[in-house]
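Following are the structures in question.
One chain, chain A, appears in both complexes that follow, with chain B as partner in the first and chain C in the second.
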Partner chain A sequence: MFILRFVVAPIIAILGAIFVGLIIMGIDRILAARMQSRVGPPLRQPFWDVKKLMIKENIIPENAISWLFNAAPVICLAVVSTILLYLPLAGFSPILAAHGDLIVVVYLLILPALAKVIGGFASGSPFASVGAQREMVMMMSYEFPLAIIAVSVAWLLSKVHPSLDAFSLQAIATHPVWGLVKGPLGIVGLILLLVSLLVVTPGELSVIPFDLPDAPTEIVGGVLAEYSGRNYALFYLASAVKLVVLPSLLIAIFFPYGISGLFNVGAAAAGVIDVVFFLVKLFVILFFSVTCVHVLAARLKIDQLVNTYFMAMTAVSLVGLVLIVLDAAI
Partner chain B sequence: MPSEKAIKMNRIIKAIWVFNWFNSCGFTELIPVVGSRWDMERFGMIITPTPRHADVLFIAGYQTWKSLERAKRVYEQMAEPRVVLGLGACTMSGGMYWDSYNTVKRLSDYLPVTMYIPGCPPRPEAVFEACVKIFQHVKELK
Partner chain C sequence: MIGSLLSNAGVWMPLAWLFVLVVTWAIVYYIRSRGEARYHKDTEQVRPFLAGHPETSKAAMHVRASNEYWGFMEALKGYYHPLIKGHTGNLNDYICWFICILAIVLVLVISVGV
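Moving on, here comes the complex of A and B:
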């Protein structure tokens, strides 16, 4: 039982997330191409990219700090995979449910960005340093709305069900937030929180318009400018897993519903239905908050980005929190 | 049983990442390669922002003595296996700048050009054909 839970399940979850992430990346590239009236790459293109990067030469620049430079991609992939184990995926309870909750997830979400910052500074290139500084600024600005969302949801849960562990993601997922609020005020508050989480998602994934740390056309790839070969492939895989992690967090908080209850089937078939439905939800969220946005928008400047997150999104999520508190008080 | 080298090259053919070194009129016919009519992404080719990620270096048109130094530096920064494609008549023979005092006449005297694409400038179809052939070519060479 121990081996099944702490060895087999994590391996399946991580490999599955890498696979799903790369597939989603391929779908995203095809859809973006279709929106620009191009044909787009084949669905398997991200797999080919990774396979190719694995055989390329792994260059370590002369004036880089080599052990940090090599450690950063490994840390990035490892941390992103670890977050995955704290999230309830497709109706299953989190693998490490007993060892961490929403607060741990919010903290761990900082670390992939931090790994990129370390890698950028360690590569000793001016472009990478600029990218790393931008990554840091961005990390600080989207962290605040994220923390407000986490606190609001936990407060709501603790208010309605005082006996539960309010920060546990499993408890949040089994008691959908939409059922906890009383009236329209609370619903509006939750929608505001959802909007700010949807805006934080592309920032965490650093896609256009929030791709300032890697901005290919101005700072030539930013933090990734000096990475090649295997190290770059690890960053590529980490960004694929991130594509699964962030929507999963959103799903766990706001849309934890399964549809297997509607069908009269056995446990195994119900599991399959839930997994498929989970993937559909994941895809819909990414389509609206990533694919559409990065086709339509241009890159923001760093001050516009900080204003978006630190001012606008913080205000939106704070109003959401206030509305939820008012709703509970009335 | 294909050699290890051949297997490697086959992997690269499916995901060619290109770094552009364009500083002359040879660029004009290559902008449509990225756009919606020819769309190089459908063959897995994308343009990389930095030479570190690139497999192929496109050198379009004539090089001056000054830009040649930079082109060499870009080539040195690329990760193995790497190839150089010379585009246009100017890289082969100097083209219409054949009697100019400050342009490079034959690029392969200075950089290991694997393949030339003739034309002034070459059509996008020719560029795609070259990209299909180039790693096959490298496979045969080694």
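Moving on, here comes the complex of A and C:
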């Protein structure tokens, strides 16, 4: 059981997330291209990208702190993969449900960004340093609304089910938040929290309009300016895994429903139906919060980004929290 | 003995996370080892990319610590400027602030208590 939980499960999680993440990347690129009247790359293009990066030279700049420069992409991919083990995926309990909760996930989400910051500063390049500085500022900005969302959901769950562990993602997923509020105030509050998390998602993923740390046309790739070859491939794979992690968190909190109960099938078939439905939810969330947004919007300036997250989204989340509290009090 | 960190509402077992981190680290390291490790040292390719600009001193190429949070300070300058203005370096001013805040807190505490 120990080997299954702590060795086999992480291997399946990391390889599965890389595969699904790269497929999602391919779909995102095709859909974005179609919206811009382009044909776009084939679905397997992200796989070819990784393969090509792996056979390219792995250049370490002369100004870089080489061990930190090499360690950062490894840390980034390894850490982002561990987050998956705390999330309920496709109706299954989190593999490490008994060893961590929503607070741990919120903290762990900081680490991949920190790894990019370390890699950027270790590059010894001014473009990478500016990118790392932007990554840090962005991280500070979206953590506040993210923390408010976590606290709001946990407060709501603890109010209705005081005996439950309020921050447990398994408890949150098995008691959907929409059923915990009494009336329209609570529903509006939850919608505001959902909007806030949908806006935080592209920021965590560093996609347009929140791709300031990379900004290829402005700071030539920023944090990743000096990365090449296999090191760059690991950052690329970490981005793919993040594409699974963040929507999975959103699904666990707001849309944990399955549809296998509607069909009269066995346990194995029900599992397959729930996995397929989970992937559909994943695609839908990414389509609206990432694909549409990066096609329609232009890159924000750093002060606009801070204002969006630290001021606007924090205010939206706080209003959501207040409405939920009022809904419970009335 | 190291066990789970438990509060009234949260739980975390750092050892469990560290263990799976070691496993994922090993997988990632294996993936990395499958890639090309070689490059041409002591050639132009190891020089930092500066978009055609000449490289000045190494120290001047880095973002200074005082500029680390520039975007944050710029966006929230409406909040930071009055705070910076208030830091006069005069001890009398700080004590004055302390007494004023203490008075406000006392009024709040007493009014809530009543």
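Assume the second predicted complex is superposed on the first by the 330 of 330 C-alpha atoms of A that agree within 3 Å, B and C clash if a C-alpha of one lies under 4 Å from a C-alpha of the other, contacts with A are read in each partner's own complex, and residues count from 1 in each chain.
Here is the rule we use: a residue touches a chain if its C-beta (ideal position, glycine included) is under 8 Å from a C-beta of that chain, and two chains touch if they have at least 3 such contacts.
Note that the structure is a prediction, hence the values are computed from the model and not measured.
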Review point. More residues of chain A in touch with chain C or with chain B?
Key: C
Review point. Between chain B (first) and chain C (second), which, if any, makes contact with A:6: first, second, both or neither?
Key: second
Point to revise | Touching partner for A:163 - first (chain B), second (chain C), both, neither | key: neither
Practice item. Examine A:100 and indicate which partner it touches, taking first as chain B and second as chain C; both and neither are also allowed. Key: second
Review point. Which holds for A:58: it touches chain B only (first), chain C only (second), both, or neither?
Key: both
Exercise for review: Mind working out whether A:77 is in touch with chain B, chain C, both or neither, as first, second, both or neither?
Suggested key: second
Review point. Given the touch rule stated above, what does A:225 touch, chain B (first), chain C (second), both, or neither?
Key: both
Review point. For A:264, is the partner it touches chain B (first), chain C (second), both, or none of the two (neither)?
Key: neither
Practice item. Considering only touches as defined above, state whether A:134 meets chain B (first), chain C (second), both or neither. Key: second
Practice item. Determine, under the contact definition given at the top, whether A:29 touches first (chain B), second (chain C), both, or neither. Key: first
Exercise for review: For chain A, give the residues common to its interface with chain B and its interface with chain C.
Suggested key: 55-59, 127, 220, 225-226, 229
Review point. Once bound in the complex, which stretches of chain B touch chain A?
Key: 8, 11-12, 14-15, 17, 35-36, 39, 41-44, 48-50, 52-53, 55, 77, 79-81
Point to revise | chain A contact footprint on chain C (complex, rising order) | key: 4, 9-13, 16-17, 19-21, 23-25, 27-29, 31-32, 34-40, 45-51, 58, 61-63, 67-72, 74-76
Review point. How about chain A: which of its residues touch chain C in the complex?
Key: 6-7, 10-11, 14-15, 53-63, 73-74, 77-79, 81-82, 85, 96, 98-101, 103-104, 108, 123-127, 129-130, 132-134, 136-137, 140-141, 154, 158, 165-168, 220, 225-226, 229-231, 233-234, 237, 302-307, 310-311
Review point. Which bits of chain A are touching chain B when the two form their complex?
Key: 29, 33, 36-42, 45, 48-49, 51-52, 55-59, 127, 216-217, 220-221, 224-229, 232
